[in-house]
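One structure, pasted below without further comment.
Just so it is clear, A, B, C and D label the chains in written order, and each chain counts residues from 1 on its own.
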Amino acid sequence: MIDKFIDSAAAALADLPDGATVMIGGFGNAGMPAELIDALIAQGAKQLTVVNNNAGNADAGLAALIGARRVRKIICSFPRQTDSWHFDKAYRAGELALELVPQGTLAERIRAAGAGIGAFYTPTAFGTRLAEGKETRRIGGRDYVLESPIHADYALIKADRADRWGNLTYRMTARNFGPIMAAAAKITVAQVRETVALGELDPEIVVTPGIFVQRIVRIAPLRRAA
Amino acid sequence: MIDKFIDSAAAALADLPDGATVMIGGFGNAGMPAELIDALIAQGAKQLTVVNNNAGNADAGLAALIGARRVRKIICSFPRQTDSWHFDKAYRAGELALELVPQGTLAERIRAAGAGIGAFYTPTAFGTRLAEGKETRRIGGRDYVLESPIHADYALIKADRADRWGNLTYRMTARNFGPIMAAAAKITVAQVRETVALGELDPEIVVTPGIFVQRIVRIAPLRRAA
Amino acid sequence: MKKLDRKQIAARLARDIPDGAYVNLGIGLPTLVADYLPKDREIVLHSENGVLGIGPRPAPGAEDEDLINAGKEPVTLLKGGSFFHHADSFGMIRGRHLDYCVLGAFQVSVHGDLANWHTGAPDAIPAVGGAMDLAVGAKNVLVMMEHLTKDGQSKVVERCSYPLTGARCVNRIYTDLAVIDVKADGLHVVEIVGELPFDELQRLTGVPLKRLATAA
Amino acid sequence: MKKLDRKQIAARLARDIPDGAYVNLGIGLPTLVADYLPKDREIVLHSENGVLGIGPRPAPGAEDEDLINAGKEPVTLLKGGSFFHHADSFGMIRGRHLDYCVLGAFQVSVHGDLANWHTGAPDAIPAVGGAMDLAVGAKNVLVMMEHLTKDGQSKVVERCSYPLTGARCVNRIYTDLAVIDVKADGLHVVEIVGELPFDELQRLTGVPLKRLATAA
């Protein structure tokens, strides 16, 4: 029997080793797996390479992971924010490597990893500093840059509903990087708002088929004061 | 106001010129836009390049288009079927060029066209006859073949429901090539079972966003005798 | 010299977006354009984070943290909207499906090179987001910016001194002084704000401008 | 000499598919495996045309032309199944997400080269379908075939004479005479059918076989 439900975020991340490459979903707060990140901080793994659109903000989540000096390298498109002080400090101190990738190239590199593509040519960033040193090619009158897939050991993502086979649906723009990260990682851990019985998810509306998901943790949403 | 509904299949294909590249969705009968193909036959355009998984079977649809000598070239993964006699005859007579592409490479080449990828490396077909003459590359210990996007002038696909903005849902395995062909063609014509008012399609379950669809024709399903 | 304010630049640009267009409004200044789109046109707004059909800002208290735009501001969804993941969203951009994108800029060159992501300062933390994808992907790249820097230098330049976002990608520039098309044979002034003489615009801009018959 | 019939080969292979596996069964002979998967295991069947969770054949009259497998036969969907488009489906295959695929073969070489799509006849109309993607994509490629051709030639060969489907891709071969692992150091016989002596299997096969301690 297939049962991907795990009792706690801590149990879902227990085997995550030092030096792992960890994709973390989310764009802003939408789709950010806050409780999984907290569990990763508590778990203690270090020397991590983190793939996320940003580099953390304020003092929680990814910013706290960076503040705790657990991240060796970050691959992202937009690290600089008004409140990205943990990243800024570690980066300026030379303690944290940054690989800056245009957002669409970041998404496509993650997608390529999940889809078994060895490399691809994208027009994005041709002629810019971010393509310096990269192989380029003129195809059909347009210039392209060669880019490689980004594989991960773990993906931590947030979805909306899940069944025990690991099928996922998302909620609005919280979908963002979740589906492609799930496919690019060896072990995908999804935190979800709700778990449902097998058969309750309409097969037409499953966004991430269970084949891409290894572990699911239900995190009840916070009740907000009215 | 955006209104992509068109009254008839004939009107939706009226401007399709000789020599066009036409993607035709479907895998078997599932997702095959039968009425649009009939309209294309009636419309008369010739010297077409057709992209489809197969090369027609029996005497209807794509087979009839081939039988009417309107196809110059076919790009597909599996032309040979027990009843693909129109293709077989034209192919053996040297009247029809065949570009044989592994099915996953066919899908990825169509996807690449829609997603603006200039070329990509796939492991599929490395070391086989279908990679002869193609550029190859060893990446991370695995061998890959360089493949190009397939763009189309028109895509004829079959979906399930549509709104006037062109948003589409599909039905079961009739989805197959529809979403990627819609994105790869300049003009996508979708025949649908049902048209609905704007707002009736849940934004979470739209499979093909309307940006990829230019024309929609409602084709009422045949009533079958009970 | 009469200049347009930011809202007026946004309103001017908005007039040029036709009915039925698919449009991405960049973070910051370009977002203003949404407020001025003609009400009698259906224009579908895209955001990189996986949404088509963005509607007006939600009423206070009605925000949903799962429904935001690329600037991470709360938005609403119109009827006909849809959600998709990041790779599909940038496939849409890179695959030339968007009719227009509107971007801010530090500089635009006479060849349509765009610089808008990096000041070039050696100690600056670089951040690019989706700007490079939009610059190469949209069918029409519209830039919205002030014509001059604070110290009076033209932001329309012979050659960008700031690091490029994209090469030869800008189609039209909307500034507080003029609307300028970037064409293969150079910059064409489409419109000048107020009573500003062409020669004065030319003097302020520095690089050669062509005068359209319709321009003042 | 006792040989397994096709159903027996399918049943033998089915025993090796573990609980929770994601599996693609190729068109034709491999489809038989579905009938023999142990009922106490949850095994998720994939088909190239965009479906996970394929169930048993529908009852006569309950077929739906929109719900078929890659062999274009009507199927059903289990609870927990899902649909997706062709690029996603082959991304799943190529991206090494399937635990097993089962393919028929004309020949398999000692290095695990697979030939199953083309007889090499110059006048044959070529057709490949998804076989080349499955051959390079699945984590484990299982081949199911008769050991010998009709005229007694081994289909396990030093070097394929038919055009290849994939190079060095086969992990295990199930025939009517034996189960053979393809490893870096050669072919290892895992199991022999009935009372067939190893030496006789070796003689029939032609290429060098290694005897596992557990093999007869």
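The working rule: a residue touches a chain if its C-beta (ideal position, glycine included) is under 8 Å from a C-beta of that chain, and two chains touch if they have at least 3 such contacts.
Given the structure is predicted, the values throughout are model-derived calculations rather than measurements.
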Margin query: Show me the overlap between the contact partners of chain A and those of chain C.
Written below: B
Next item on the list: Please indicate which chain is farthest from chain D, where distance is taken between mean Cα coordinates of the chains.
Entry: C
Next item on the list: Quick one: report the Å distance separating chain C from chain D, using the average Cα coordinate of each chain.
Entry: 55
Notebook entry, point to check: Where the centres are mean C-alpha positions, what is the separation of chain B from chain D, in Å?
Noted result: 29
Next item on the list: Please report how many Å separate the Cα centroid of chain B from that of chain C, as a whole number.
Entry: 35
Notebook entry, point to check: Which residues of chain B are in contact with two or more other chains?
Noted result: 108, 111, 115-117, 122-123, 170-172, 203-204
Next item on the list: Specify, in ascending order, the residues of chain D that touch 2 or more different other chains.
Entry: 77, 83-84, 87, 90-91, 93-94, 137
Notebook entry, point to check: So what shape is it, when you link every pair of chains that touch: line, ring, star, complete or other?
Noted result: other
Next item on the list: For this structure, give each pair of chains that are touching.
Entry: A-B, A-C, A-D, B-C, B-D
Next item on the list: Over in the complex, which chain D residues touch chain A? Could you list them?
Entry: 19-20, 22, 42, 44, 46, 52-53, 77, 79-84, 87, 90-98, 137
Next item on the list: Could you please specify the touching residues of chain A with respect to chain C in the complex?
Entry: 27-31, 77-81, 84, 87-88, 91-92, 98, 100-105, 107-108, 110-111, 122-130, 170-180, 207
Check: Can you list the residues on chain B that touch chain C in the complex?
Finding: 1-2, 111, 113-117, 163-165, 167, 183, 198-199, 201, 203-204, 206, 209-212
Margin query: Please output the residues of chain A touching chain B within their complex, sorted ascending.
Written below: 108, 112, 115-123, 137, 139-140, 142, 144, 148, 169-172, 202-205
Checklist line | In the complex, chain C residues that touch chain A | finding: 47-51, 64-68, 70, 72, 77, 83-87, 89-91, 93-94, 113, 118, 123-133, 136-137, 163-167
